[in-house]
Amino acid sequence: MGWILPEGFSTFAGDIDFLYYVVLVVTGIAFVIVELGIVIFLFKYRHRPGQKAHYTHGNNTAEVIWTAIPAVTVVVLGLMSGGLWAEIKGHESAPAGSIPYAVDGRQFEWNVTYAGLDGQLGTGDDFVVRNQLHVPVNQPVVLQLSAEDVIHSFFVPAFRVKQDAVPGMTIPVWFEATQTGEYEIACAELCGLGHYRMRAMVTVHTAEDFQQWVADQSAD
Amino acid sequence: MATSALPHADAHGHEHDLSFIRKYIFSTDHKIIGIQFLLLSLIGLFIGGLLAITLRWQLGFPGEAIPGGGILPETMAPGGILLPEFYNSLVTMHGTFMVFFAIMPLLVGVFGNYLIPLKIGAPDMAFPRLNMWSFWIALPATVLMISGFFMAGGHAAAGWTAYAPLSANPEWTGVSGGQKVWLLSIAILGMSSILGATNYITTVVNLRAPGMTWFRLPLSIWALFLTSILVLLAIPILSGAAIMLYFDQTIGTHFFDALDGGQPLLWQHLFWYFGHPEVYILILPAMGFVSDIISNNSRKPVFGYHSMIFAMLAIMGLGWIVWGHHMFQSGMNPALGTTFMVSTLLIAVPSAIKTFNWMGTMWRGNIRLNVPMLNAVAFVAMFVIGGLSGVFMAVTPVDIYIHDTYFIVAHIHYVLFGGSLFALFAAITFWYPKMFGRMMNSMIGKVHFWLTFLFYNLTFWPMHNLGIGGHMRRIYDPSEYEFLQPLQGMNTFITISAILLLTTQMLFALNFIMSWFNGEKASDNPWKDNGVEWTTPSPPPHGNFPTVPIVYRGPYEFSSPLVEEDFLPQTRKLEGDQEPGAAQNEGDR
Amino acid sequence: MTEGAHKTHPNYWAIWGWLLGLTVAEVFVAQTALPRQLLVLLLLAMAVWKALLVALYFMHLRFEGNRMRIFAIAPLPLTVIVVVAVLMEFV
Amino acid sequence: MTSAMAPPANREIGSDVYNEKLGMWVFLGSEVMFFTALIGSYIILRFASPEAFAAPGNVLNIPVTAVNTFLLICSSVTMVKAFAAVQDGDQRGLRMYLVATCAIGATFVGVQVFEYNQLVHHGFVPSGYVAASEYAAQAGTPGWPESVGVYSSSFYTMTGFHGFHVSMGVLCMSFVTWKAFRGKYTQTDHRGVEVIGLYWHFVDLVWIILFTIVYLM
């Protein structure tokens, strides 16, 4: 069944997916009511010779009802979403102690700057790796997202992460991976000829492996 | 207004002894201009469709040669295999043609022109010559846009949204001429739309026949009127933005160039501040036509006429404060994101009101399932899907995942194809007899409808699932990504359905052309409708009405107990009907 | 065009005087070393004042029916909405 | 343009405004939105990067523009006097004032061309400073931005399109004047004069805003 989301591997993936299924159920119900209603009406009230339609210009109670119900529904949906949105996208929302990275998009590659051993960006031991983002599991990381030439969009389906990278702006993106493994990074905003192959990988390590990996990188 | 009555009267006299050229080419008759727009935009629609299946081929069968694609030049598809740069042009131009040169002119240019004067009982537009110009400006714009395909470097390739800075600098798209031509054509087309809107608004306000008060206007005219207001106020924003972008490309200004203090997001804000009203420009008229057609074929008054109007007003108003929902992931201030989410969700309310009122209109009706009705009902059924899928994207956290995926592609096609285009099939079939004096063949019409309905859903429904799978839009080759591999089968299926969908449209073209020459002759009022346009011959003479029509009631008096027949024309005087005096229109001021 | 034979016109030269005076005042204020916010406020106020004079008397909105007034002011909220919203990006 | 129309009778009883006038007001609505795009962008860009905008009077020549503003205001008065004249059936006044309006409008455009000329000469063009020009030399000194890219972009686009509107106005005005000399406007039917007047005053109004926010702030 094509309406089930692929499994998510970040801390907030669950919340996003939950909201999605809520919306799916709500809209599903509306969908069934309307489409079924239309079909039933088409058969029940189809033209029969000598019959005249029921002459009415409407009914205010009905209008009020089908104004109120959608209104209430969307307000509830709005209330449910607002908090999560701020938690994920708010500019100061990255959890304290997140590991900093700088990710710079350009035609057609992602350049990841690592903080190195001292865990500070902009220090001497920073190093850059092309198209490879290595992060530790169960540990929030925050990417300072920027772009050199045109607008790109940093998309990690498995983490439910998407954020445009805009020239002249630095936009923080945070997430916390919940399972080790390799996941794909895609560009989601048309950025030119090579847009379709602007692909990179996230590798989620265990804490130890990650330390090891950083050490190795810093070594050479 | 005695003074202005005079010049019209003799202008009227002249028209009859006109050369062929003045009558059919440089005509100032709103009916001819409407038909000119109809032919032009049907061509645009066909081009848009061709572009669509060409790019679908690459997605369905990545890297395989298009059958017969060998005719395409080396610069586009060597050996029939699409190049990425050409694919980007295809995506861009498919969107451009469908939005600006097919759906928009079909809804506004064609039916705005044809229906407004006829349905309000006016002899012509307020400014017939201006009206002629709006066509003769749109035509060069179309030609210019087509010419882009033959330019060195290919046609515009930055998407129909032309996001800066990608669109601003040739070195980033590899396209220089095409991108400029695109902007010029859009700016020129904008002038045509603005002239048209000025004309429509003036006409509806000033030229309504005696007794045609605001609340006796058919919903189609209300829709076209509100749409014209949107066109009038939204298009100039696009023109302004297009000019700035054009200067960025040509004389080296820095509006959207981040390297020199420019703001890439400024383009998106301006574009979508035009773009969202544009979305309603593309759907409101369809809602209007469908209201007329469903009421007529249910032989029943529109359910909640007034709330239909207020719903459209609400949609028009909200349309100005929701543009940010196109930019949730753009880096826009997240606080704005929340605001735009709320306003966006609110649009569900008027949309729901309209949907339930359409159902209410069918409820306890006496429904005739002719071709216009089939398409009109399909509009409601499909528009609902498009509306509901919109909720997913309005809910910002969910949007994070589905933004820029095929889910949005499915959404826009459920609104623009399932919505606008089905409404257009309905409207064209419904008013064809008035336009050409002949009926369209209803057998072919029904076959065309059912096949279109089937292939349409087979094409676009699975796109939701692609989106759920995370399939990005506007990518040349999905097989680049591991997580998209499993979706390839679905892509192929969609492509095949799309090809069948386009093939089916040949039936419509066939029906349209054949009926023009030897369709069954149409009576003045073949659908037994109440509208003023049905009181005059099909096709109407120049000047539309032999005598000034006088309106006594609203447009939806079907199955009224007052008369034997199940319809009661707006112009039919029953004893007890007041002659409209100034008093009757007092409410207008 | 249905005005009576000799209608009395507003004193256009007086309006001209006002516009001229305000323009001079604007240029003068712009030279002074007032705090920026106050300066901007003053200048905007005078600009709006001038604009109103033109709209009300030269475009004779003051003598039009309500419908024309509505037509005239209808787009203004839209101009404010877009500018204010986009400015939110930078505050 | 609209003045050239021979419209169908306006027979809707509730309506109190004739077609051309209503049409022009509606059209002006779209003009408002067009200038919103341009002026709005200026305001936004200026908020976004204030450092790119020179202090008033440094790059732009306020005295010259002030005079130009004065000219445009005068042309508005002559325009409205022309309208008053035709309302009173004073054909001579109508023609005189229309000619004056055309002349002053043309002068305004001339002065603007002169202004552009000076700016380019000093090294201020739409893309910013001209390398090694007089202005480029001052870049970085107080009140002189390092780079004026967005400033010059929006300045030339806004004033340029305003100038374009004035020129269009002068063209249509000349047409109306020509018709006036052929006695086409009477005390009872002078739609052309009123309609072109509305357009003219609108362009003047836009300039009042432009002058204040672009030159004085």
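As written, the chain order gives the labels A, B, C and D, with residue 1 at the start of each chain.
One rule holds for everything that comes next: a residue touches a chain if its C-beta (ideal position, glycine included) is under 8 Å from a C-beta of that chain, and two chains touch if they have at least 3 such contacts.
Being a predicted model, the structure only gives us computed values, none of them experimental.
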Among all chain pairs, the one with the most C-beta contacts: A-B
Chain with minimal offset from the mean of all protein Cα atoms: B
Between chain C and chain B, distance of the C-alpha-averaged centres to the nearest whole Å: 37
Distance from chain B to chain A - Cα centre to Cα centre, in angstrom: 31
Centre-to-centre distance between chain D and chain A (centres being mean Cα positions), rounded to whole Å: 47
Junction residues of chain C, two or more chains touched: 1, 65, 67, 75, 78, 82, 86, 89
Touching two or more other chains - residue numbers and ranges from chain B: 3, 233, 237, 262-263, 265-266, 270, 589
Chain D residues counted as touching two or more neighbouring chains: 16-18, 22, 26, 29, 33, 36, 44, 48, 188-189, 191
Which pairs of chains touch, using the document's own definition: A-B, B-C, B-D, C-D
Chain D residues within the chain C interface of the complex: 16-18, 22, 25-26, 28-29, 32-33, 36, 40, 43-44, 47-48, 56-57, 62, 66, 69-70, 73-74, 76-77, 79-81, 84, 87-89, 187-191, 194, 197-198, 201-202, 204-205, 208-209, 211-213, 216-217
Residue ranges of chain C touching chain D (in the complex, touch as defined): 1-3, 5-7, 9, 12-13, 15-16, 19-20, 23, 26-27, 29-30, 39-40, 43-44, 46-47, 50-51, 54-55, 57-59, 64-65, 67-68, 71-72, 74-76, 78-79, 82-83, 86-87, 89-90
Touch list for chain B against partner chain C, complex: 3, 233, 237, 265-266, 269-270, 273, 320-321, 324, 332-333, 335-336, 589
Contact footprint of chain A on chain B as seen in their complex: 84-85, 88, 91, 157-159, 163, 165-166, 172-174, 258-259, 262-265, 298-307, 329-331, 334, 337-338, 341-342, 345-346, 348-349, 352-353, 355-357, 359-360, 362-369, 377, 380-381, 384-385, 388-389, 391-392, 394-398, 400-401, 403-405, 462, 464-465, 468-470, 472, 474-478, 480-483, 490, 556, 558-561, 566
Chain D residues touching chain B - in the complex, by the definition given at the top: 1-2, 4-20, 22-23, 26-27, 29-31, 33-38, 41, 44-45, 48-49, 52, 126-128, 147, 149-150, 152-154, 156-157, 161, 188-189, 191
